[in-house]
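Sharing a structure here in structure tokens format.
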Amino acid sequence: MQSHACLNIDTAPVRDEELLADVITRVIGDVRHIAVGNASPIPAMAALLARARGGGVPYVSLLQSRKHNFFTDGGRELFDCAGQGRIDVFFLSGGEIDGDGNVNLVGIGDYDKPSVRFPGSFGSAHLYYVVPKVVLFRTEHSRRTLVPHVSFISAPGGNAPNIHRPGGPIALVTNRCLFAFDRQRRRFRLESVHSGHSIAEVAEQTGFDYDCPETVEVTPRPSDETLRLLRRVVAPQLAEVYPQFAAAVFGARAP
Amino acid sequence: MQSHACLNIDTAPVRDEELLADVITRVIGDVRHIAVGNASPIPAMAALLARARGGGVPYVSLLQSRKHNFFTDGGRELFDCAGQGRIDVFFLSGGEIDGDGNVNLVGIGDYDKPSVRFPGSFGSAHLYYVVPKVVLFRTEHSRRTLVPHVSFISAPGGNAPNIHRPGGPIALVTNRCLFAFDRQRRRFRLESVHSGHSIAEVAEQTGFDYDCPETVEVTPRPSDETLRLLRRVVAPQLAEVYPQFAAAVFGARAP
Amino acid sequence: MPLIAPTIEDALAPIRDGIMLAAPREVAGVPMEATRALIRKGVRNLHLVTLPTSSLQADLLIGAGCVAVLETSAVSLGEFGPAPRFTAAAKSGGIRIKDATCPALHAAFQAAEKGVPFMPLRGIIGSDLLAHRPDWRVIDNPFGANDPIVVLPAIRPDVALIHAHMADRAGNVWIGRQRELATMAHASAKTVVTVEKIVDGNLLDDPMAAAGTLPGFYIEAVAVAENGCWPLGLPDHYGADLAHLGEYARLAATTEGFTRYLEKYVHARRAA
Amino acid sequence: MPLIAPTIEDALAPIRDGIMLAAPREVAGVPMEATRALIRKGVRNLHLVTLPTSSLQADLLIGAGCVAVLETSAVSLGEFGPAPRFTAAAKSGGIRIKDATCPALHAAFQAAEKGVPFMPLRGIIGSDLLAHRPDWRVIDNPFGANDPIVVLPAIRPDVALIHAHMADRAGNVWIGRQRELATMAHASAKTVVTVEKIVDGNLLDDPMAAAGTLPGFYIEAVAVAENGCWPLGLPDHYGADLAHLGEYARLAATTEGFTRYLEKYVHARRAA
């Protein structure tokens, strides 16, 4: 298995996860500190990729990691750190995400007897407000997940101007495309479509309205150097926190 | 010096400090946790005496000690612990103390250009409110220190009934006497006068009004067992935090 | 002085029907052996509050019928998918859920730690959480102008139940970086602890160890539970039993499967 | 990444005239060598805020004319009596004093740490402190009825200056039980540290050391200052120089004596 993986490590075709991590890293841009919450293997890949490229910069905090996590003040430090303005990037997903950038992590239907129940809001109802660059991420891009209006707003995409809100969404990355988010207008715009997918397919599979420019680029393929970093540097780091994911995607194990 | 101290350790006459510590320990009664702040060697003696008598009970926290201090959450833990209702006894002094139980740790005269300036209020403006048994302590019993009305209220002896205040003063111990404090009436009552002092002298030297019963007892002399504990157990412990005091009073040094 | 309890069952005495029980997050060293003992004890109607999230522990307690009210920011099995018993109970209305968000729970425990009635927190406004939390309020920031801010009432659990690597005979418990366990203990009336081992000496005597130690002063009882987080991991000491978690996720997907799981792994196995 | 500064002077670059500077309490390991370097640097008009009290450090900075505003719960030399330069400056009106009470300063730093604009605190009502702190407010407890409570605005210093036993080359600093130093760093825009020594390896790699470590993430610069608390002590490492403190108390009792002290112990002695 190990030797097999080594033979192909730099020449294997681009995996979907690699493309998405590369997109996310590009969206993030230059920052000082990227934090990644629970159950977010692809955002974790993206954060570790950013650091691998930067030679140790930016700081990366993987909430469930011991190694990639400098916090020593307990579970609250992530949120305190964000409240201090010291987290530049965070990731949120949602059972539902709508065109206003609202995310639903609670459930569908009557709150007391929901037809669908999600795990819960985690830190979204704070981090979405105070982290300057929140990247929404959902690998299932369908009318079931990207809806006109979420059933329950765990955290809203925007607020009235008098609400203290230095942070909010900057983009939504899915398995089909990249949307940018315009905070002033509270509206998504299709930015690029991943190779193998189409503008028409995105329109068909998206439940909310968004802006669609005349021409939309194809999401660039990750560079060979990016693939090398993902496979040789990031994958083994990822295996500490996401052993099943890392094994399934890369055949990687923690070093 | 050591051998000299040993010869007389159990037979030396009662020192003033020993009498006061014994009085304080009696006033405290049975409690779970006694905390002692900065610059309070005699209250520290009393707390350590209580623990020596109880064979390790109650818990004693000397704020400036490493050995007699279980706090591991930084400087705030004392106050948090008090806010939780987990400190039963604390000690306060004052540059001035008045008959309403108000203490002044700030200064005398115009606040911006005081004629006398004290160090500051320390934790009094919180602890006095939340610790059930606060013992006021002042070794200089004079009309200069025990005044009709303090110039500046660092912390008041009582509050209006709607103010959350589970704690407050229970007694005032001085070099001349013991006053008990009646929280309902916000007034001191002379409880006992120390040997060598008189009721008339207390009246002469006290600047505030207080209740004086027909007969006032002489403060009991510490028992031989108490003196033994103070000299053999407490004094060496005290020397860790109050080296100058312990050396001056007991000729004791930290073990 | 804390009780150094001869058995986990003895240590769990303060955890009675109907109390508010505080539980640590899923990566902080979860007292799973004690959780199984609680289920065997048959405790009922718990108000379970997680600081701030939970995984297997909450799911197991909910599935076993121990929980009436659940206050949490999320319950999930992480890589193993949704927490099936939590999800089923939520959908059937079998438990009352007080949905929160992680920093709100941290702040509410810190309010109790500090003995204040509430704590402010940024965010939350515009979230539907607010509508379902009548116990949360919005006030005007006293230091701002037209600046609404949420205030959260203090959470004061009856008992906190935690697991840690080690304790000494004075009941001092080494919690390391899991500082929220100290806050949890400070906020709770009583704290019950299981540990991998009891060590000689006093943890507070060594400055290095003391920095990560929760003083025995706050502790009601300590009992030894070796491998006490199994099948979850104890940070820095042992990892999770992934195969077992996979088995749990499969079995707990149905009521019948969950019953079999309980019989096999909870009722049939007494505490070591 | 934090700067591992070649000299204390280099590390002190962020401490400029007029900033709000946070200082640790007198028993938490006071950066006295750095304080002398600040005086030599001639920094002026500091807003010095102590968490929550101070002794020699504040007295020295005040006496040397570095301080315009002092926010503190108390300044005293403890067993050596009142802090003479603080007392003199207070009486002459040479500095503006914002009198506080210890837990108010802890709470206000914690407010900044949590990114909230204020923190409530019990007590204080009925104290004259309130009248002299127009920046403190009384509100009705939103969860009570007729229950006034004080709220304190967050304190966000420009720079925190602390001393600790050791740091590693990544700028991680071992602060042990002095947890308020972490809060101070979290609350402050920048944190400057002096340490007894720089150690090899990474403090965060050892779970025991990590529990008492302030991550380099929060640190601006670290410089070595051996015996850096002298004449005060460093908890668990060395005690105070009592003879020297006695000499200070005697000399600082007069302006002339204090000037002689500065010449002898501050200006004449460069950092080691």
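Letters A, B, C and D mark the chains in the order given here, with residues in each chain numbered from 1 onward.
One rule holds in what follows: a residue touches a chain if its C-beta (ideal position, glycine included) is under 8 Å from a C-beta of that chain, and two chains touch if they have at least 3 such contacts.
Please read all numbers here as calculations on a predicted model, not as lab measurements.
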Fill in the blank from the handout: A correct list of chains touching both chain A and chain B reads C, D
Practice task
Starting at chain B, figure out the least number of steps needed to reach chain C through touching chains.
Solution key: 1
Fill in the blank from the handout: Contact tally winner between B-D and A-D is B-D
Problem - Taking each chain's C-alpha mean as its centre, the one farthest from chain A - result: B
Exercise for the section: Could you tell me the distance, in whole angstrom, between the mean C-alpha positions of chain A and chain C? Expected result: 28
Problem - Inter-centroid spacing, chain D versus chain A (mean Cα positions, whole Å) - result: 40
Completion exercise
Between the Cα centroids of chain C and chain D the separation in whole angstrom comes to 36
Exercise for the section: Mind pulling the residue numbers of chain C that touch at least two other chains? Expected result: 103, 110, 114-116, 121-122, 147, 149, 177, 182, 210-212, 235-236
Exercise for the section: Could you tell me which residues belong to chain A and also touch two or more other chains? Expected result: 71-73, 79-80, 83, 130
Fill in the blank from the handout: In contact, pair by pair, are chains A-C, A-D, B-C, B-D, C-D
Handout entry: Partner chain D, residues of chain A touching it in the complex
Key = 33, 56-57, 59, 70-73, 79-86, 130
Completion exercise
chain C contacts chain B in the complex at 1, 112-116, 172, 182, 186-187, 204, 210-218
Practice task
Give every residue of chain A touching chain C within the complex, in rising order.
Solution key: 38-39, 64, 66, 71-77, 79-80, 83, 105-107, 111-130, 152-156, 158-160, 162-164, 242-245
Exercise for the section: Report the residues of chain C in contact with chain A in the complex, numbered from low to high. Expected result: 25, 27-28, 51-53, 72-76, 78-79, 82-83, 86-87, 90-93, 99-104, 106, 110, 121-129, 132, 146-149, 177-183, 235-236, 242
Handout entry: Complex interface listing, chain D residues touching chain C
Key = 103, 107, 110, 114-122, 137, 139, 141-144, 147, 149, 151, 153, 174-177, 207-212, 235-236
